[in-house]
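Letters A, B, C, D and E mark the chains as written, and numbering starts fresh at 1 in each.
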């Protein structure tokens, strides 16, 4: 299987463990990711607040580059990038928009390449049975709250699963041997986009997500989004202060947990780069012994 | 040989003559509603009342072109709303073919149009008639398929 | 050449303002066949009609054209006018120079010109008109009522009381419908069963009513006055002639199934009656769950039946019966709440619907009238109601108001307070709609006397934390988000058309709207008729309704049906299709296209070169044909023609419009 | 301050509503004020007016007030409201439209958000990518919050999550062109 | 004498002698080497006149219409293309199934006699275009079969005694080009199209040869010959000819069995099949693929509808 890969800015920065684990897991599963050459920032989280055309044009250049290199499917790990890229893909289905955007980026763009969220590629394109069959260290006993965030499931035009109760990652976790917990904050916003400009508001939202995961009995949270992860991970201490309760919830990228289940080294997956200590929970699972 | 012709007046500007076949229950009623609502539209489309759009034989359309109509409109109830339950479904099939056949013969597709206009769609009736008149005005008189006078 | 008269109407100033009526009449004098052309202020007025009648006699007219308003307005007037003067009414054509001319064109020259063109068309047509006559057809004096809910029962009783036999058909195995599931009724709070069951029994015992339960309509042929209806009588596996309804079989049956009647809050057996007051009160076997019918094991019911009524070999039976009129009263389905994922609907057991609550409140329901929540049987204290679930929600494909929910929620809140004085109801609403007699007063009492807290706003999310349900909404009057920790949430689910309503509509040949509600012939003036003569609508199948509205409409439909049955015979359409047998080659292309199945192929004998031979030709049943004319277009040879809209007439109209 | 002169405010704001519809595809007349948007809004607690109220302001013609509202900047863009809106008004798109319009009208209430957007886009414009460290550092300096999140910095560096030097794409000219062309389309100078 | 001719004569003799059929329609060798016209016989001894070769191109099914009201059972020979005409007549109730005995023959492809340069000099002639485009070389319906013919209701390869010859001659080799002419005309501008057809309509003599040979044109009285209907001027003006051409195409819409006989018999070489193929192409695209006259139970595309037919008239 061959896909174009749009890593996005975070995977070289705050989401470095997402980048590492994605590449490691892909290699292990025999999936060929070709990074879109010379890709640029998709414009999240600012372009759409300034100019609609700009917010389509920035991702459109990436789509045009993908087309040029014959990449008809582009896997996008970052949920924010996915939403912007997919929204641009949808907007480009309209002929006049396609023309206008073509003039802006001064490149031909036909809108042939499909934007795919990485989590969807790893679940829909891979047989669940196949996945279970390659698991060498099942995550038995690990109670995981799957946290999808907003950007993969809203709005409807770009959604990869139900906006209220998505299951795609829960099923993936089950295939890895973990126990997905039922909870109601799967798609509630963590406030990531406000983290810098309105930190207090953002923290309130982050804290709620963490609280309900804890109340649902989860040992940890798994996400497909670098924004959510850095928010939930980096600010968990502050959230504990705000809530007045202890949380201690490691925040994993789903690729990290896949990597562990597939038998990869934790350091190779970036698991040592977390704020909330993330390795001991996995070492303590019965499977690891 | 319009009867109001006044020989003293200069020749009038050419106006398109458009024959419309309208089903009694929807489009004809929609046209009546346009009147009741005092909507204004050009007088170029004249309606022949038929019970159902399904009564409109393609040969009537050919005859209109032959006798000098500049365009023909066939209009009826929306599929599913036919007073006779299914008539307009047959209309739809027949005129999908007829429209293509006329285009194949070299007739500009704007000169033959079919439309669903319900009894409540007076604005749509007005818009269709207005737009069609404007289109045909731009196209000029129809010479194709017309009999020699 | 026929002698034609032309009458141009001014309609006061309605036409005359933008059309030179005198000029139009003047020009028409030169049209071929016209022997008289005149104009008048109001042609439809008494003096106008007298003028026309005198002209008919004086000028010995064969036909006339009146240029006036729309024929949809006054065609019957001018036809009758002709008849009074001894002229066949179909020798009249009306040309529309008001709605389609004077009212839509401001320029008087152009209006006049168009009027002349239209009039030329009318004259060209009327010259080719022929006298037409209606025929009469007999009426089968029986009525079919489809659906045995409160609307169907009421319609059947009213028709039966008017003296006509009625077959009351229900697909379920008892009549009673939705109302049987309801505990109490607003705004009087009488017990639903107490007012419904007597009517069910009355229907069953009425000498003019034949009850046909567990049966469905398969096909409908024929037309008003004579519908041939194919009915499937589903196999019940119990011979009702022998069954005494003793209940031994139900008691011994080992197979338990969630009860549909109890909204799956309780169980029933595989051989069962849905509820104690069912009519007929005899059990049937549910073939989908019966162990014997599924794998041949068990057979206990047959063993215990004292009369040998259980018959596993019973098969569906198809019968064809003829009816003069049909009343459709198939009701509604409750909206499937699982579309509201944000409410956890269908996932959280304690998020229920109004009908669930009805069963929980009902003394003969699964909890014997104790309000216990489905998850753990706990008695709820804080109950949240959410209105407009599956109503007024375009995103869920339900833009319409379901009409009954505002009142049934008020009723629920009142009854809960009565049953559980310590409970508290919170009701999220967008608007409270109470347009019914004593409805507003009831709603006021719900707030004042029964302590219900009304909160204006739509709920956004419901989720479970521990054994509580968190309900989040905005109190839009406060402008602040609010949250309630509830024990039970009742979604006031709206009404949906029956899932198979569209199929039935197609079978009956009636129309339906985009949702599947059956369409009345006119929203104001013909609210119970359909576009298909002889088929009437009663109850919620036409759109959401509460019980009083359903019953009122049922009686209205019954009057329409009885009125039809009371006629000695029906006058058929005069403008029908007619086949020219000399030309017809009997190919049958017209047959498949006819929506009324009014075309048959018959054999005729004719003399040919001195020998008799047989030949197939189409034959139009003049009683069934409604005059759509689809057959005329299917006929390549032009053998099929439509009286009043003949090929010749339409061609003449086209020619006249093009001749300028 | 007397009552709102509705007949004036509604009439004079029709252009604005038309523009929302044409340019942003947001038709505020669809909104029947049910409040489902605000009830589900995770940031509602940080807003002085709920989304529904801002929509109402625009319906009633209080355009100025809506644009200078702080609430539109508290919106996290999570689209929950748009997903649940029974009338498909798309409140999230509406809030986004107001933010763009507020910027145009010079009515941005949240200076931090404005600064953030400036820095974000200038990073993208210059290098083609977002340089997280550079942007956050500059934001903190310019917004006068020198030490915000500073406690995380050592961790971030040692984890290799923050690189001091920005990543630059090869074809930075392409970026400059995109920004210039958008400007041109908007009728501004390139 | 070829094998198929021999089998033809034997079977004809047997059928007529036994009285199983009252008459039989076949082909006979004509006055020139490139002519094999139709023949109607009633007596066993006439069977000797029957003949079959690559010039037996006439579709005989239309001739059955002369016997449609009779009580006599008639036998006739059909090639693959002809046999679809039988289905047409049966579906249109013009003949009774029990009154016709259909004998299927295999087909080697028919030669184009228009290529004859010297009437006295027999030469190898090219195939007719319609045979190059042939999709049904085998009978779709038959009561008897000769020459190893096989019945097939689906498009198929030529079967039977002449199979290899048919393959060699290229029968069906240009199936894919069936709509080539339609596409070529569609590619023209509106004025070019009109000029193209106007030139055809100027040639038309209104001899009705096309109609007379057509198994779908089975009306008892054609509207173009009906004097009291006033549908169309009988004179052969271009506009009336256009009216005739379009109307005929619409009348056989969904019913044309693509035997191509109308175009073959046209004395003025008007590309009549381009019109029929245009309709067939559009029906296939709009309402789903179907081949008229291949299935006795098949429904006529214009006699039915689907609720979700393409919608262009909103």
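We adopt the following convention: contacts are C-beta pairs under 8 Å (C-beta built on N, C-alpha and C of every residue); 3 or more make two chains touch, one makes a residue touch a chain.
Not measured: the values here are computed from a predicted model.
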{"item": "Partner chains shared by chain A and chain C (touch criterion as defined above)", "value": "D"}
{"item": "Joint neighbours of chain E and chain B, given as chain labels", "value": "C"}
{"item": "Innermost chain, taking as reference the mean of every protein Cα atom displayed", "value": "C"}
{"item": "Most distant chain from chain E, judged by the mean position of its C-alpha atoms", "value": "D"}
{"item": "Of C-E and B-C, whichever chain pair has more C-beta contact pairs", "value": "B-C"}
{"item": "Chain A-chain E separation of Cα centroids, rounded to whole Å", "value": "65"}
{"item": "Intercentroid distance (Cα basis), chain B paired with chain A, Å", "value": "57"}
{"item": "Between chain B and chain D, centroid-to-centroid distance (C-alpha), Å", "value": "51"}
{"item": "Distance between chain centroids, defined by C-alpha means - chain A, chain D (Å)", "value": "23"}
{"item": "Multi-partner residues of chain A (at least 2 other chains)", "value": "163-164"}
{"item": "Interface hub residues of chain B, defined as touching at least two other chains", "value": "58, 63, 80, 86, 90, 94"}
{"item": "In chain D, residues with contacts to at least two other chains", "value": "45, 80"}
{"item": "Pairs of chains, among all present, that meet the touch criterion", "value": "A-C, A-D, B-C, B-E, C-D, C-E"}
{"item": "Of all residues in chain E, those that touch chain B in their complex", "value": "182, 185-186, 188, 190-198, 231, 233, 237, 239-240, 242-243, 246-247, 249-250, 253, 275, 278-279, 282-283, 286-287, 301-302, 305, 307, 309-314"}
{"item": "Chain C residues touching chain B - in the complex, by the definition given at the top", "value": "23, 27, 30, 70-73, 96, 98-101, 103-107, 109-114, 116-118, 121, 509, 511, 531-532, 575, 593, 595-596, 626-630, 632-634, 642, 645, 647, 650-651, 653-655, 657-660"}
{"item": "Interface residues, chain D side, partner chain A - complex", "value": "23-24, 42-43, 45-46, 73-74, 76-80, 82-83, 90, 92, 96, 99-100, 103, 110, 112-113, 116-117, 120-121, 123-124, 128-133, 136, 139, 148, 152, 155-156, 159-163, 167, 169-171, 174-175, 177-179, 181-182, 185-186"}
{"item": "Chain C-touching residues of chain D, taken from the complex the two chains share", "value": "32-41, 44-45, 49-50, 52-53, 80, 84-88"}
{"item": "Complex contacts: residues of chain E adjacent to chain C", "value": "69-70, 92-94, 218-223, 226, 229-231, 251, 299-300, 302-304"}
